[in-house]
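Notes follow once the structure below has been shown.
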Amino acid sequence: MMLSLDEVESGYGSSLVLKGVTLNVAAGQVTALLGRNGMGKSTLMKTIMGLLPVKRGVIGFDGAPINGLRPDQISNRGIAFVPQGREIFMEFTVEENLLLGTLGKPNAGWIPDLVFAHFPILHERRKQIAGTMSGGQQQQLAIGRALAGQPKMLLLDEPSEGIQPSIVEQIAQTLRAIAEKEKLTILLVEQNVEMVLDMASTCAFIENGRIVATHGSEALRADERLIHRYLGL
Amino acid sequence: MDLILTLGLDALNFALAIVLVAMGLVIIFGLMNVINMAHGELFLLGAYTLVVVQQAGGGFWLGLILAPIVVGLVGLVLEELIIRHVYRRFLDTILATWGISIAIKQAVILGFGPASYTVDAPLQFGVDFLGTTYPAYRLFIMGVAVLVILLTLFVFFRTRFGLAARGVIANRSMAACLGINTRRLDRATFAFGAALAGLAGAVMAPQMSVDPQMGLGFLIPAFLAILTGGGGLTGTLLGASLVGGIDSTFAKLWSPVLAQVVVFAMAIVVIRLFPNGLLGGRGRR
Amino acid sequence: MKRNALVLAAIVWIGFALLPLVVDDWQLLQLAQFMTYGVFAMSLALIWGQAGLLCFGQAIFFGGGAYAMSLVTMGLIPGLPASSWLGLIAAMVLPALFANLLGRFLFYGRGLRGAHFGIVTLAIAVIAERLAINWEFIGGFNGLMGVPPLNLGIGGDLIDGLPVYYAILAVAVIVFALLAAMLSTPFGLALNALRNHEDRAAFLGYDNARLKLAIFTIAAAVAGLSGALFVAQFAFASPTLLGFGLSTEVLIWTALGGKSLLIAAFLGAVVVRVAENFLSEILGPLWLLGLGALFVLCVIFFPRGLIAELLLRLERLLPGGRR
């Protein structure tokens, strides 16, 4: 297992959002996390990144526990985060955004070739101010910035949000290619069921702060009622 | 004509001196959201470092080099012992740094007494400048200020440290998620800001009487410059020019006290009309 | 105000009322002076603790009150009879007017929050002191000497320890009671909302700027009153009463005592001054160094204030206290 959560509890202030999440993410695979709004998907991502404190339980990554570490330490262990809303640095150039992704890493100050190989547009526009790009391009930048640190694992939170469908398709393809070529482990939170079934090999469903079921994508594709049951579509 | 030229040089001199003091404040505030009320006392420590070095037989130039180093180290210790405990409690950072300023001032009184010292300045000659003679040391101060501005620009826009710092200013938690050690950056920034204050203190020391109260006198114009300008580097330059210009002009033509009142009234009116400073949010880069 | 808090406050005031049984006349005079500082500290606690406005120049109002009182009671204002009552009124009205005018610049227009306010008030304190030094009408650097003692029309001039002590204590109790009553009205509740969530308070329909202006004005009047009482005892108004140094001290007293409880702020001032009496002779300049360090520690570890912590703990021990 690349990432494993064991009975993890976490939340904001004194209120618990995650009430004992147990989840395993296999190395080199795309695992999707599905659930309705407010079930704790983003909270889970932030907890893994160390942005929210783990109140109970253990998070293990690549053979060592990471709970209690600071976000920068977790990032430098090899987990890259593409947050909801992208959070790129709007007033910085594309190149500066990508460089920021490298600063804590062994390749500090040097953007690895794979970033531009997968997202040629970022090379084309490297001197452009990031805030002036379209939503889809900004999303590519956010993913590229995550890749710039040469991570072992990628956390993607709603990468299709606010992006037009044709671009979503393109981003999904690129992500799939990256996962295969770079042997990246990906944990994906996504509302877009098409995209999820397209990319993920395993889907975990979260409800009220707990993982309630895990299925292979094959099974989900074969029986659509499963998805409807958990997502209430 | 002579009067106008001298006045202009005086104003520029004061404005640049304010920038020199304000720079460290702005950097610390921008990055850490800490208003460092002890900045004036760090300035003070810079001046006293020079005093000590000269008393020990070292020259002015040695003192000038040692002052930012010593005060930078003091900043490092203060950050570790005190400041880091009150991050994210905004008003408490003001209070804590203010308490530090009281303690430092008292420690200086304890060590050096309340009386004032004078510092021997180099460059004691006049320079002919467009028909008037202007003290060389004042030109030197202006040169140092310009150098500090350029150095800061270079550090922030041309180095990895600067990129990381700007990233943290723009979005602290995202910068941390990208692997930037914000803790170390905070410490380095506070030390850097303190070192700038120390440098400013040493540079300004020959121009004023070095006594335990000297920090406050410079802190207030610096604060007012930041408030009117709206912070950031450009905002500070603008605010410092306004404050320095008005203060020098009124001080020369009427009296220093009146000049302070006018500067203050100007600042209040600007704050009322432009609550985010003259440059609004745009100065914050 | 909660019942137990009231009971505690009553105990404190009764304690002060009984003090003349155990201390001598000279000490009473000293304590009376410290109690005027206590009233001063309450004025700061009012805006800082109740409205979240951190004022670094509260002494401008204290000093303003002191000068107003001096000028009136010394008969230096043409057309005004030299009267303690008139002096006290002037000492409250003038600082209140100044605060109100200043507040109109600071609070209206989109928010001037914590830091700005602190810096602006700090600047005013420094400038006010320099202005006073340079203004001959109010005595310049030397200040005004020979300010007459309080004369409220009963008992003649208040000079001896006992009458002065009780007069000041009475004022302190009245100020405390009025402020405490004010804070339990809807106005006080609105202030509370303002302190905790400025944005939410605005959303709920409170006019934040007006609230701040009102409390700032009231606090200035209280500070002015304390300054007037001080100068009537001290007989000497000097520029230092306006300035940065005293503003610093009152902030320390209030922080150490407790900014969110008026009674704790009052006690903070009295206790620190009593301690200073004993310790500053022994410690010399070390005293202020230690006080500064204590202040920093208190900010970090006991942001509610040392005396307030103690009082809140006592409060819970009283019958019916929440645990």
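Each chain gets a letter, A, B and C, in the order it is written, and its residues are counted from 1.
In this section, contacts are C-beta pairs under 8 Å (C-beta built on N, C-alpha and C of every residue); 3 or more make two chains touch, one makes a residue touch a chain.
For clarity, every value in this text was computed on a predicted model and none was experimentally measured.
**Student:** For this assembly, give the contact graph shape among line, ring, star, complete and other.
**Tutor:** The chain contacts form an open line.
**Student:** Of all the chains, which has the CA centre nearest the overall CA centre?
**Tutor:** Smallest offset from the overall C-alpha mean is found for B.
**Student:** Which pair, A-B or B-C, has more C-beta contacts?
**Tutor:** B-C
**Student:** Let me have the rounded angstrom distance from the C-alpha centre of chain A over to the C-alpha centre of chain C, please.
**Tutor:** Centre separation, chain A to chain C: 55 Å.
**Student:** Counting in whole Å, what is the centre-to-centre distance of chain A and chain B, each centre being its mean C-alpha position?
**Tutor:** Distance between chain centres, rounded to whole Å: 43 Å.
**Student:** Determine the centre-to-centre distance between chain B and chain C, using the mean Cα coordinates as centres, and give it in whole Å.
**Tutor:** Between these chains, centre-to-centre, one finds 32 Å.
**Student:** So which stretches of chain C touch two or more other chains?
**Tutor:** none
**Student:** Residue numbers of chain B touching chain A in their complex, please.
**Tutor:** 160, 163-164, 166-167, 170-171, 173-183, 285
**Student:** Which of the residues in chain A end up touching chain B in this complex?
**Tutor:** 49, 51, 70-72, 75-76, 80-81, 83, 87, 89-92, 96, 99-101, 103-105, 108-109, 145, 149
**Student:** In the complex formed with chain C, which residues of chain B make contact?
**Tutor:** 35, 82, 85-86, 89-92, 94-96, 98-100, 102-103, 106-107, 109-110, 216, 220, 223-224, 227, 255, 257, 260-261, 264, 267-269, 271-273, 275-276
**Student:** Show me the residue ranges of chain C that touch chain B in the complex, using the header's touch definition.
**Tutor:** Contact set of chain C toward chain B: 52, 54, 56, 102, 105-106, 108-112, 114-116, 118-120, 122-124, 126-127, 130-131, 133-134, 244, 248, 251-252, 255, 285-286, 288-289, 291-293, 295-296, 299-300, 303.
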